[in-house]
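Next come two complexes, and both contain subunit A; in the first it sits with subunit B, in the second with subunit C.
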Partner chain A sequence: MLSVRNLTKQFRDHTAVEDFSAEVAAGEFIALLGPSGSGKTTVLRMVAGLLQPTSGAVYLGDRNVTKTRPKDRQIGVVFQSYALFPHLTAGDNIAFSLKVRRWSKQDTARRVDELLEITQLSHRKDYYPEQMSGGERQRVALARALAFNPPLLLLDEPLSALDAKVRISLREMLKDVQRRLHVTAVMVTHDQEEALSLADRVIVMQSGQIEQIGTPEEVYHSPQTAFVSTFVGVATPIPVTAAGDGSHDVRWGDYAFPWLLTIAQKRELADGGTHIYIRPEAVKLLSAPTARHEPKGEVLFSMFLGNAVRVRVRMSDEIVLTADVMGGKAMYRPGQSVFVQLRDDRVDPKDDPRDR
Partner chain B sequence: MFEKWLYRVLIGLFLLQVLLPFAGLIQFTLVGGSGALSFASFATLFSDPSFASSLLNSLWLAASAVLLSIVIFTPPVWHAYLYAPRLLRVIEAVSFVPFVVPAVVLALAYVQFFSSGPLDLVGTPYLLPFAFALLGMPFYIQVFLNRLRHADARAIHEAAQTLGASDFQAFVRIQLPLLRSGIINGSLLVFTISIGEFTITQLTTGGSYNTLPLYLLITFTNNPLEGSAMAVVTLFLAVAGVVAALSAASSRRRRIHAVTASEEAS
Partner chain C sequence: MMALRRINRSLLYVVLIILACLYLVPVYVVAVTSLKANSAISLAEMWNLPSSLSLSSISAAWAQLGPNFMNSFELAVPATLLSALIGALNGYALSKWKFKGTNVIFFLILFGMFIPYQSVLIPLLRVLDMIGLYNTIAGLILVHTVYGIPITTLIFRNFYVAIPDEIIESGKIDGTGYWGIFRHIVLPLSIPGFVVAGIWQFTQVWNNFLFAVALTNPPYQPVTVALVNIAGSQTVQWNVQMASALLVSLPTLIVYIFLGKYFVRGLLAGSVKG
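Up next, the complex of A and B:
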């Protein structure tokens, strides 16, 4: 539906986006995830036509729209600041694209009412933007962008200006509306939780380049680069060495464990060293070592998270592990000694990790 | 407690400093040399035909200067703000030139440039709207830019474009209403500057063209003790008051509008 080919954007002294290519299927929800300055908004603006790429092309279906003006692209855009028209009511904001397209009065009114209902804003039709809450403004912006039935919807950090509770409820509404209207959506966000929970596929970006494209599960459980490991979710890198017997087992001090390694890590391991990335939920804390000689660490502090207790464990001067202990009532006091078992929860019991 | 009183005293001094000269002026206008309260000075003023003509002259000059400012300054500043931030910095710097350079210098430059060749305009009033617009430029551009910065104008313009509006449609239907208060407030400043301008008027027309400030000077020189000169000044004050009220109203209107809308809805 949307095809972005070798998009590059060069600003005066730096390259904001370099050789970005991605295919988006009709009805898909894509999240462009990355830290600020990673070029994700630049990609979005080039797709919208608000920014001309230095090279590369944007296709909508089989139509090359690289040189098409934004007004002729038929793409709905939700801006980070909402960009509502302050002198128009919610209803008139939503009707704007239809008036520009010379829809009849009745059709316009019907469509506006329909969108107000979908976004649960019917009671705000005659309100001006400044009279509405942030969440309501955001919903007007969404309704306005969808009014003319665009096949593609672009969202630039749509939820970042809202407080936590509103953000969660709007996230659900956004997903629901996107499914119901069968609109293809591309959302820019720096919030990995938002990306993982909303998107069918996530494109992780850093320094203007794609780090990984995959489903939320793939990006979380099989990160292809060190950047993805640490940016998506919490992960502690720990240095390991090869077990020495030719297998892919790795060693951490005296503690040997079978581990699922990415291709890049295997290559690195062959060169004499690598890191593996440990998620908090993959760390198990024991009060005494077993026959496998689990490494010993010292509790620095613990935090109560509600459904889990997050414990920071100092293993050595360089390594501080983060462990989430689910549901248990165990207490962890600073200074207490614990022994650490590491589970690789990327291992799918159906397939042998050594084969990958 | 002491601090509270200190602030009150300072605020009192401030108000005295601002209001005392005006109070004296109004008192002199109404009481004059005779010692009795009368509006005679206004009667004298309004019966003077050269007052009416100078008032009209000043009004059309100021109105033309305002029109010129809106037409000449608004589009480039808007365009530079949206698409050429570096050009905007140049425009901003240049816009301060009339503020820094004394009016006498500007006037002499005008006289020099327009006193010969195809543009022999010195001695006519037709230069004055351009000169006044130039004098008002730093104020107009700053006020307008302030509104642009405050209004998220760029994102709003982009939103209008993605919704299918042409540049022209987006400018007329969205940007103009969005930036209206900036244009109005900037225009009011150009208007007041134009109404009170003396130096350039005197130097380029050689006193051949009568405006309010020139009229004021002549009346005052002829009858310093007559209240009519002061009456002109009083009128100036009234104009300034109206301008200030208009300016305040243009920002209050929205609020009132908003409040009534929310009452209707609830």
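Up next, the complex of A and C:
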């Protein structure tokens, strides 16, 4: 449906996007995830036609649209700042692109009402943008972007200007609307939670380049690069060596435990050692070591998060692990000694399809 | 402390009121004199209120200035609208469709503001003569429209800078182009800009004397030139003179009174980021 081939964008001496290629299937929801300055918005603007790439091409189906003007690409865009027309009501904002496209009066009216209903805004039809809340404005922006039935919808940080509660409810609506209308969506975001919860596939970017393309599970559980493992979710790197018996086990000091490694990590492990990235939910805290010689650490502080207690544990001068103790009532006191057990929930040594 | 502050405040107001009165003295004299009969005017009674109201001077002034008033309207209204519209188009292109050399062109346009009228007077006269617009209202409209472009361009460019680019991009995505965006999105948002540019241009054109006196003869002269002609006659009828001055200043005053609040708001709109 959308095919982006070797896109590069240079601003004077600065390369914002370098050799970016990706294929998006019809009906797919893609998240472009990265920190600010990673080039994700630049990619989106080149796809929309608001920015000309220095080199590379954008295909919609079989059509090369690299030189096509935005209005002829049939793409809907939701901007971060809503970008509603302040002099038009919600209904007229949604109708704008239909009027420009010379839809008949009845068709326009029917489509506007339909979209207002989908976005639960029927009661706001005659309101002006300044009379609406942020969440309502962004819903109008969504409805406006979808008005002329574009097969592709682009979203530029659509939820980041909203407060937390509204963001979650709008996230659900967005997913629901996208699935219901079967529109292909590409969303730019710096919020990893948003990317993981909404997208079918996530493209992680850094410094204008793709770090990894994969499903949310792959990106979270099998990060391909150090950047991905620390940017998506919380992760602490620790150095490990081979446990020696050829199984899945790795060794961290005296402590040997099973861990699923990427091919690159396996190669490094064979060469002497590698780093693995530990997520908070992979850490279990014990008050005494077992026969497996769990390493000892010191509690720095603990935070109550509601559904879990987050504990920061200093293992050595370089390594401070983050542990989430689910449903934890036990508060950990600073200075308290604990022993950490690391478990990889993904590891099933007997039958792992990813183990090659 | 509080008492002292209150006294200071009062003192400040007293001083300000005195200064305001001082500033308004000429206006007072003009207004009072224009309401007196010609026989009631003498240097000794210059400051007195009129003993009996006489509107004869105002009707006399209107009888003399009436046709020139119409000339001025026929000049100021089109010249204001045209230069505001051109300024809006310039400002739109310069702020929302940046191209290589945008800033140079903007600078060159602004440069026009600093050309003294006197220095171009003779070539201007020659050009208007050549194109057959010398001594016509249309010729004056052309001159004022062109001379208004720098300031209206400045006003609209600064006004449009405050309109977020994403709104323009949104228009592009929704399927319209350069003119469609101007017509359907930018123009409806431009009303404060038009008020500012309109007040400014109307006042400038209405009050202009130099171009008017240089480029027109009777009966095509605007009201400013006619006003001076009244003063130039042998015996000066002070009441008629003052009444004329009052009449001539009325339109710009009315424009400002009715649109003044937009003027202040509009001037700030461009400079202060929302």
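Keep in mind that, in the parts below, the second predicted complex is superposed on the first by the 338 of 356 C-alpha atoms of A that agree within 3 Å, B and C clash if a C-alpha of one lies under 4 Å from a C-alpha of the other, contacts with A are read in each partner's own complex, and residues count from 1 in each chain.
Criterion: a residue touches a chain if its C-beta (ideal position, glycine included) is under 8 Å from a C-beta of that chain, and two chains touch if they have at least 3 such contacts.
Only a predicted model underlies this, so the values are computations on that prediction, with no experimental measurement involved.
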Open item on the list: For the combined arrangement obtained by superposing on subunit A, do subunit B and subunit C clash, or do they fit?
Closed with: clash
Task: Touched partner set for A:Ser21, first subunit B, second subunit C, both or neither - done: neither
Open item on the list: Which chain, subunit B or subunit C, ends up touching more residues of subunit A in the combined arrangement?
Closed with: B
TODO: In the overlay, answer first, second, both or neither for which of subunit B and subunit C A:Val100 touches.
DONE: both
Task: Partner chain(s) touched by A:Phe85 [first = subunit B, second = subunit C, both, neither] - done: both
TODO: Identify the partner contact of A:Gln52: answer first if only subunit B is touched, second if only subunit C is, both if each is, neither if none is.
DONE: neither
- [ ] Applying the touch criterion given at the start, work out whether A:Glu130 contacts subunit B, subunit C, both or neither, answering first, second, both or neither.
- [x] first
Open item on the list: Which partner chains sit in contact with A:Ser122 here, subunit B, subunit C, both or neither? Use first/second/both/neither.
Closed with: neither
TODO: Classify the contacts of A:Thr241 with the two partner chains as first (subunit B alone), second (subunit C alone), both, or neither.
DONE: neither
TODO: Jot down the residues of subunit A that show up as touching in both complexes, subunit B in one and subunit C in the other.
DONE: 48-50, 69-71, 75-77, 79-81, 83-87, 96-97, 100-101, 144-145, 148
Open item on the list: Applying the document's contact rule, which stretches of subunit B touch subunit A when the two form their complex?
Closed with: 151-152, 155-156, 158-166, 169, 174, 177-178, 257-258, 261-262, 264-265
TODO: Spell out the residues on subunit C that touch subunit A in their complex, using ranges where they run on.
DONE: 164, 166-167, 169-177, 180, 184-185, 188-189
Task: subunit A to subunit B touching residues, read off their complex - done: 48-50, 69-77, 79-81, 83-87, 89, 96-97, 100-101, 123-124, 126-128, 130-131, 144-145, 147-148
Task: Residue numbers on subunit A that touch subunit C, as the complex places them - done: 48-50, 69-71, 75-77, 79-81, 83-87, 96-97, 100-101, 144-145, 148
